[in-house]
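Take a look at the structure set out below.
Letters A, B and C mark the chains as written, and numbering starts fresh at 1 in each.
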Amino acid sequence: MKQARSKNVGITVFIILLLTPVYWLLNMSFKTNQEILGGLTMWPENFTLQNYVVIFTDPSWYNGYLNSMAYVTINVIITLLVALPAAYAFSRYKFLGDKHLFFWLLSNRMAPPAVFLLPFFQLYSSIGLFDTHIAVALAHCLFNVPLAVWILEGFMKGVPREYDEMAYIDGYSFPKFFVKVFLPMIRSGIGVTAFFAFMFSWVELLLARTLTSVDAQPIGAIMTRTIGASGIDWGVLAAAGVLTIIPGLLVIWFVRNHVAKGFALGRV
Amino acid sequence: MDKIPNNRAWWLVLPVFLLVAFSALIPLMTVVNYSVQDIFGPGQAYFVGTEWFKEVLTDERLQDSLLRQFLFSSAVLLIQIPLGIGVALMMPKSGIKGSLCLILVAIPLLIPWNVVGTIWQIFARGDIGLFGWGINQLGVDYNYTGSTVDAWLTVLLMDVWHWTPLVALLCYSGLRAIPEAFYQAAEIDRASKWAVFRYIQLPRLKSVLIIAVLLRFMDSFMIYTEPFVLTGGGPGSSTTFLSQTLTTMAIGQFDLGRAAAFSLIYFLIVLLISWLFFTAITHADKEQ
Amino acid sequence: MAEIHLKSLAHSYSKSPSGPEDYAIRQLDHVWHKGGAYALLGPSGCGKSTMLNIISGLVQPSEGEVLFDGIRVNALSPRDRNIAQVFQFPVIYDSMTVYQNLAFPLKNNKVPAARIKERVQEIAEVLEIEDKLHKKAKNLTADEKQKVSMGRGLVREDVSAILFDEPLTVIDPQLKWKLRRKLKQIHEQFDITMVYVTHDQLEASTFADKIAVMYDGQIVQFGTPTELFEQPNHTFVGYFIGSPGMNLIDVERCEAGVRFGSAEVVLEPWQIEYLNRLSSTNVKIGIRPEFIEIGLEPKVNSYEVEVLDMEDLGTYKIIDLGLGDETLKARVDEDFDARIGSRVHLTMPPQWTMLYVDEFLIQEQS
């Protein structure tokens, strides 16, 4: 009992420490710039929503969010569509070069995005995709697809092959079996994969910023613009930061029941 | 599970192959192409062989940033892995409290990396940030934009804040997969807390720890956005890590040949070390 | 070694139980004597594992007391109760060798190294795993793993009791029998209190001197295998023990005793007297298939019945007999033969005809 209490105290302290920087951001987002620069206050004394109003009324701000969400959504869809059949193949079949292919896929997850910066820029410019959502979505596939294949393969290995065989005997065609029988069985794996794909695409900025200029610019890139001539607009910056945390929270809330299992990436 | 030999499975992996080939092979070929040429402008390129590689390998600026990178990644692993395990052990095993802890701990992972930089940029400032202000109040002279040591510690602290949750959540899911009977048996066998950790929890965490070490190594070795926003690589070049050096070279100075050669070396280092980690760990496993 | 006394014990997993259905264990008193070999028998979900965990201290009972040799141990953790327990599925320490696994509980108890070595050797021999002592435990087969699990329970010399929670579930039938004999042998050799949880009556009766039958959170009978067979205390014991189980028939009261349909059952005078003192309408009679007598000619108090079905089980046959709306099962010799649909005569010897009121046996007062 005593030990349980010290554990609770420990985790509470850790979480408080973890959330303090986030609280500070939240705190600042509700302050005026005068208050921010005027001295340290633990909570907003002149509570204001002005910083948020700026973001929601200025298209150059809120378009940043829409752009980010657009390419993240496209990325998650592409990732799942191509990774599901591939993961199935890796989990069920032996085929020419399978191991090499798998390792090569994973090695892309190890590639520093900075390495691909310039070639990507030229590649997408040359095929006319520069500054589009699809360009960023495709670029993010570089690290999301290998990860998705890997996670899904782990979950699929956990489904005994007897199910596949039974479905064939019952006269299911492969596509029908895959969609009607198999996918529902690895629901939580799919949820977790989507979560990870979302997360890594949402938090990445280097590629997203390089491949866009105006029309598809992500919120992260717009935030760096606030460091303008008139100094930094701290309040708006903080509010913009707070707003970038919310989609992540929503997504993790949806998969909360699978996340504990999912963080082991189907490998436990 | 025995896998069935079936080459038609290639049709299933073809989309992935094409997609990744498109976004990895073509760029990689471009990089290789640049790395052996000196480019002055469109149509003006000369083949220079391994010249760029020689230059890159002897460039002191790059060696410095490589050394900094290794120091940083080692520090990251040494702090985050034990801390992450510790946090995972403290998290409630189930129930609403467990879910709540899980979501709260995951928050730093869901924040865009530039915002992570922004948060710490604000939080660690001496004038408007709680952390910087607090440290200064304790009588310590702290200024991450001025002092090299402070800048380093701040970047490290930021990374610990940002990524320890990943290690913790990986371990937490590993711990949750241990059946209750193991703890009961240990209790019956009168095992000490340490023995429970050493003989039950740690062995069963091995697979997730491999993932955690690999991910943390790779990602810390590629870190770019957070220190870029926080310190801009300074003061001086004290927090300029490999990715930033490379980005500056490629986009800032348009030094294409050198950047390409550097890219390839960089990639190979990551691959090599990951492979070493991986074989070392799996080998140790077989030894037993 | 200790005598284990469960005093007014009850347990509910819900925090505020609203009725008896919320209890995994309903209030009971029970004593496991020193040095006995006991089985706790019951269907899944009857509360037997809960009871075992309460004895070992893994579960805190919500009501009542657990006494070891008269000393209350409710507040003691399993480590302080000094008890060994073997679980249903093998629990082994993967990263250790078999030897280290077996030595682990002794090491934790600070047993001298020399003694550990002796003791591990001794137990490994009994379990026939001495050739595997230096293998990694995770490379063993499922039944070897379970042997190691059992070994860790048996290796300690000073335990109050050893508890087994269906330990042979993962073991194949051949070996099951052998291991059960082994346990019995170990019990005779070391004279330790053992409680063995199972849902298999055969397993229970080959292992235990006395069996406690659990049903719906209660111990409904505690007795030798013969007592459970001949005098089931509760309709559930009658039904659960024996194969097939006891014939149980709902009956109404009548002049001579009780009847069902048109058939009257003659009871002994003390049974009738007892019955008259009770008002319950839940009255049943029970008779084991083994005790039903069948003849081709009518006898005193015999009933004419129809042969509905006959099943040949090798050394004996089970026949289904229709009497009014009821079907009774009877066990007959393998050479007994009768056409399905033919009529035979059935007698229920009074000394084997049990009377149950509200599911409990009416017993002769002595």
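Rule of thumb we're sticking to: a contact is a pair of C-beta atoms (placed from the backbone, for glycine too) under 8 Å apart; a residue touches a chain by one contact, two chains touch by 3 or more.
Values in this document were obtained by computation on a predicted structure and should not be read as measured data.
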Review point. Which other chains touch subunit A while also touching subunit C?
Key: B
Review point. Looking at every pair of chains, which two share the most C-beta contact pairs?
Key: A-B
Practice item. Starting from the mean Cα coordinates of subunit B and subunit C, work out the distance between those two points in Å. Key: 58
Revision key, fill the gap. Distance between the CA centroids of subunit A and subunit B (whole Å) is 16
Check your understanding: Among the residues of subunit B, which ones contact at least 2 other chains?
Key -> none
Review point. Residues of subunit A that touch two or more other chains: which are they?
Key: none
Check your understanding: What are the residue numbers in subunit C that touch two or more other chains?
Key -> none
Review point. For the complex, which residues does subunit B have touching subunit C?
Key: 179, 181-182, 184-185, 187-192, 195, 199-200, 202-204, 288
Point to revise | subunit B-facing residues of subunit C, complex | key: 53, 56, 58, 77-79, 83-85, 87-89, 91, 93-96, 104-105, 108-109, 136, 149, 152-153
Check your understanding: Can you list the residues on subunit B that touch subunit A in the complex?
Key -> 1, 3-10, 12-13, 15-17, 19-20, 22-24, 26-28, 30-31, 34, 86-87, 89-92, 98-99, 101-115, 118-120, 122-123, 127-131, 133, 161, 165, 169-170, 172-174, 176-177, 193, 207-208, 211, 218, 221-222, 224-225, 229, 242-244, 246-247, 250-251, 256, 259-260, 263-264, 266-267, 270-271, 274
Review point. If you look only at subunit A, which of its residues touch subunit B in the complex?
Key: 3, 7-8, 10-11, 14-15, 18-22, 24-25, 28, 36-37, 40, 42, 78, 81-83, 85-86, 88-90, 92-96, 98, 101, 105, 107-120, 122-123, 138-139, 141-142, 145-146, 149, 157, 160-161, 199, 202-206, 210, 219-220, 223-224, 234, 237-238, 241, 244-245, 248-249, 251-253, 256-257, 259-265, 267-268
